[in-house]
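Taking it in order: structure first as structure tokens, then the write-up.
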Amino acid sequence: MNYLQFDRERPLDLILLGRVAIDFNPLDYFKTLAQSETFKKYVGGSPANIAVGLSRLGKKCGFFARVSDDRFGDYVTEYFDNEGIDTSRIRRCENGEKLGLTFTEILSENESSILMYRNDIADLQLDVQDIDEAYIKQGKALLISGTALAASPSREAALKAVAIAKRTHTPVFFDIDYRPYNWKNSDEIAIYYSMVAAQSDVILGSREEYDLTEALIEPGRTDAQTAVYWQGRGAKIVVIKHGKQGSTAYTCDGNSYSIKPFPVKALKSFGGGDGYASAFLYGLFEGWEMMDCLELGSASASLLVASHGCSADMPSVEKVRAFIAQCKKEYGEMVARS
Amino acid sequence: MNYLQFDRERPLDLILLGRVAIDFNPLDYFKTLAQSETFKKYVGGSPANIAVGLSRLGKKCGFFARVSDDRFGDYVTEYFDNEGIDTSRIRRCENGEKLGLTFTEILSENESSILMYRNDIADLQLDVQDIDEAYIKQGKALLISGTALAASPSREAALKAVAIAKRTHTPVFFDIDYRPYNWKNSDEIAIYYSMVAAQSDVILGSREEYDLTEALIEPGRTDAQTAVYWQGRGAKIVVIKHGKQGSTAYTCDGNSYSIKPFPVKALKSFGGGDGYASAFLYGLFEGWEMMDCLELGSASASLLVASHGCSADMPSVEKVRAFIAQCKKEYGEMVARS
Amino acid sequence: MNYLQFDRERPLDLILLGRVAIDFNPLDYFKTLAQSETFKKYVGGSPANIAVGLSRLGKKCGFFARVSDDRFGDYVTEYFDNEGIDTSRIRRCENGEKLGLTFTEILSENESSILMYRNDIADLQLDVQDIDEAYIKQGKALLISGTALAASPSREAALKAVAIAKRTHTPVFFDIDYRPYNWKNSDEIAIYYSMVAAQSDVILGSREEYDLTEALIEPGRTDAQTAVYWQGRGAKIVVIKHGKQGSTAYTCDGNSYSIKPFPVKALKSFGGGDGYASAFLYGLFEGWEMMDCLELGSASASLLVASHGCSADMPSVEKVRAFIAQCKKEYGEMVARS
Amino acid sequence: MNYLQFDRERPLDLILLGRVAIDFNPLDYFKTLAQSETFKKYVGGSPANIAVGLSRLGKKCGFFARVSDDRFGDYVTEYFDNEGIDTSRIRRCENGEKLGLTFTEILSENESSILMYRNDIADLQLDVQDIDEAYIKQGKALLISGTALAASPSREAALKAVAIAKRTHTPVFFDIDYRPYNWKNSDEIAIYYSMVAAQSDVILGSREEYDLTEALIEPGRTDAQTAVYWQGRGAKIVVIKHGKQGSTAYTCDGNSYSIKPFPVKALKSFGGGDGYASAFLYGLFEGWEMMDCLELGSASASLLVASHGCSADMPSVEKVRAFIAQCKKEYGEMVARS
């Protein structure tokens, strides 16, 4: 069943709105960040990773963003160009704001932490002036990264994009993507997450992220209650993630579909979510069955946590499929489907 | 017909959220502000005026506000206490923010302008921490002044209050109360006005204010289209004002009721809206017919524009009724209703 | 003896740098500010008062200032024009900053307090770009009001003006004029006051103000030590005020001259210092003996505390002289000199 | 001749005030910053490098600084501890300010550029509260890095430290260390540089840096004029650098001493100045002849530009001496002295 109707005439598959940043991952890992001495740089930021992921899967993406007016701004823009992402709506900051940086500490395969540079940050300078209806009408769907809601003026730029998406019948995907930085308090989080969730067709988040979203409405919901509530506000698909326990997609016809992670030797504990999102959304655009969407998402997630980078290691369809085939051969057909 | 159900058990009639300020109106008026030399000070600010108005009409009001931690903060708090308004949720600012000031230029009875002091302003410091469910549950209704949405953290405080009101089945009144100060751009206005309007039971505004509210949804609506749209989102009563041409209340049963101003010799061109709102809402709380609500509102508005002050000249029920009776005697029963 | 040499070719007597503001003094005084209901507006701010005072005494003044871009900015500029003060270097603010306001509480003739509006304030927006050598070279002397040092960018504008004054052999007068507003801590006060004092030819201040100035150099000095120290840095005249006990001018030839207040029925406890400064500096420009300068200053101070306004009540030479003559007739020739 | 008298009783040789930061230098250099993929991290920031340099030469340093309250703050503090630098006056920031980052682009041995992260920066949060007389009295000298003057509150902290140094007879070294970041305009630079230069015993800067310092006093001076002027204000030694043409120390007895760079194969074009300063100041503390101070400084500078890091490659006395000896053997005794 197709839960969403995409306008096939529109040239872009997905327009993403949110941050582009740079990751510095240690090459001498399994040490503290203070001890790690050499770092490899990657384009990062959750929506940037998803855009690269979808592009490598063959989908055409556009991006609303602000980047720094310096060599790092050049770097990420050129990287997007090389990946085939349309950068016509990526603008430079005008007051010296800098691109976000994420320095990763990889203590072990299960323990990672990050040190973020997000003061006076480029991505949150996205402005209502940057958002135009003409561009949104070129996209089959719009993805809002929740981090874009953390502060003005990016917050209002995102809310304007959602308003225009509704007016132009463009499905809205909401990747809650909670990051504690830049938010002032939990009430703000609840207010703005719930505002976008109520206007979204597809919502992706962890249980903790839904709890943040629902804090002013009704705390303590079960997954099923969460799904019913947001479907009552218009959502077609509500995906709720539980880390290593797997995730479930609740569809507006009352069904639910669950997937587990694929077995893999992890190198780091992050990046999986962006692999998941890009591959899952790829399936949606292709009109696949929900279980197939989830399987591709879960396999991509597993590949990502086993890699050193995020954007740089986003796989092709062939690579994910080969990985799934190999896992099934090794562990059985139901390896992730439980 | 009663469009709204109030919980008669709740001790406060209306809890208002918004600004308390000070007006300085010239005593030597019909001059430019530069030429006017002596000024009389009044408690002001649209929601403050409405609170005083409703109190004088016999209703019990509470108020969520931040005021300055100085003698002007003392002044407005004591004034509210004297008027019988509950000031338990009026908190002092902690970082030197000052109470808003409005200096009025009265050039003629038709030409007024204002010079506002609203930099680093006390009222916009209202914070999500200031808003508590226990208090909202004591009010039969909650009134949000649109000016409170102009900037953070007051913006989120107002949105939190609305969220709690919805959760606690407290009717929400939205007085759009547009002031150009403090807003950054028209998209912001459209985003936040529409967000509160979509959750309100009663909306009060001028045609221009509805245009601002609807700018990202569908510009150029007629009054009837506006009423139908917001009633579709849950509003029971949509009041649209057209200045001297009068105003119309559209009710959710598909009816509409119009009123014109009462004839009066104006001294100034402001303050009428707050007299209107307080008397109209008084009628709603009393369960009156819509036309009677509107007539009281229109009569109070006329009394206000003929007075030097705003809060200080809010009339008692007896005074408005006497004025209506006198107008009807002089100009005929249908003086404002035609 | 002439302690200062003025370049008689220069068309302006004094160029002042600092704040122009508006005073609102209650007409129904001897009440708290909350109780006072009617206010009279005056041009105010210490250097503005001194400029008006000097103009009325027949001297030509210029002014470096920023004022608000609104009707209050019009008001003060027009007022200066009418008083004959050159306003060519008074610029409007560009980001909505407002003119400072001072609301006065007059509880009794000895107890006054003020409530100041100085958030996002126009005068502290004076910028290094506003200061030009061509103008400074037109003035026989430059007066820096210490309040201009309280924050950037006005702080650097004042320091630049001093640097140019030194380069162009323009005597610098420093009116310490301490106001607690806008300063962040006492170290900042000590740093910037001492920086300007060390480059000044004439310094005017109260004992408390010199203590603030010397806090990082050597706290606890006597008046004589203070005078010797600043004269060692180049000062020609050091005036130290002790309120009702009178004041003393220490000159660089090792002499000192003291004056007491003239007997007068005070209405308020402020404004005297500005009357003092303008009349004292008038004497300096005229090349008078030090005692005559002080006597005129003290008499003007007494006239001011007996008046309702400050700028509006600055006296002419004739008026001060008549007042001195009358006091001497009534109380004896040495009434203030003893 | 000893131009400076140090109090041998004081336990610390030099107390430095300024920034501690982190450098990320590319391992795959001779590429653009966008193309470089791997980076090595070093403790950086000019005064931090000088402190490490002096420590390795056997001098005991202290440091007034603010660092970030995160793992990078841990990193630099631990690094200082390991180098034997006293970190008792290195405090953590309290509002999320971050340590400065410098990403270096090394295009060739002559072309380097840097991308700095200095928004909301830790080092400029140094506050007057952080500066205490007790500590300054423990240092034989105080070094102010000019970058600390770029913005408040660090600016006032530096000015307070200078005031206390004067009061406690602690010689002041001023390393102008101009960085365009964080300064608002050239007048500010001139005001604050000249303010500290006028109170300094030793000034170190390039010709361009002295031009910035003198812009409001007298532009266009020769080196000799510059030296005479600042010696007239109290400086004992004025060092003026001309890059590859070498540098000259002007002493207050009217002499001057010049040195040239040692021949070396450069890897990068920065870091030399910090090697120079640390070794030159080492010579001063040792009471060496001026030419010997300069020779050690110049040799250390040459070693630094041939190294990948800055702080990490600061040499020991033995290493610099061995390098000098080898150069003299190869190129002749006067290799740098010509």
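Read from first to last, the chains carry the letters A, B, C and D; within each, the first residue is number 1.
We take it that a contact is a pair of C-beta atoms (placed from the backbone, for glycine too) under 8 Å apart; a residue touches a chain by one contact, two chains touch by 3 or more.
What you see is a predicted model; the values in this text were computed from it and never measured.
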Lowest number of touching-chain links that must be crossed from chain A to chain C: 2
Smallest number of contact steps required from chain B to reach chain C: 1
Chain whose average C-alpha position is farthest from chain A's own: C
Centroid distance [mean C-alpha coordinates] between chain D and chain C, Å: 43
Inter-chain centre distance, chain B versus chain D - centres from mean C-alpha coordinates, in Å: 62
Sites on chain A at which at least two other chains make contact: none
Sites on chain D touched by chain A in the complex: 24, 27, 32-34, 36-41, 70-72, 74-75, 78, 96-98, 101, 103, 105, 115, 117, 119-120
Partner chain B, residues of chain A touching it in the complex: 128-129, 152-153, 156, 159-160, 163-164, 167, 184-185, 187-188, 190-191, 194-195, 216-218
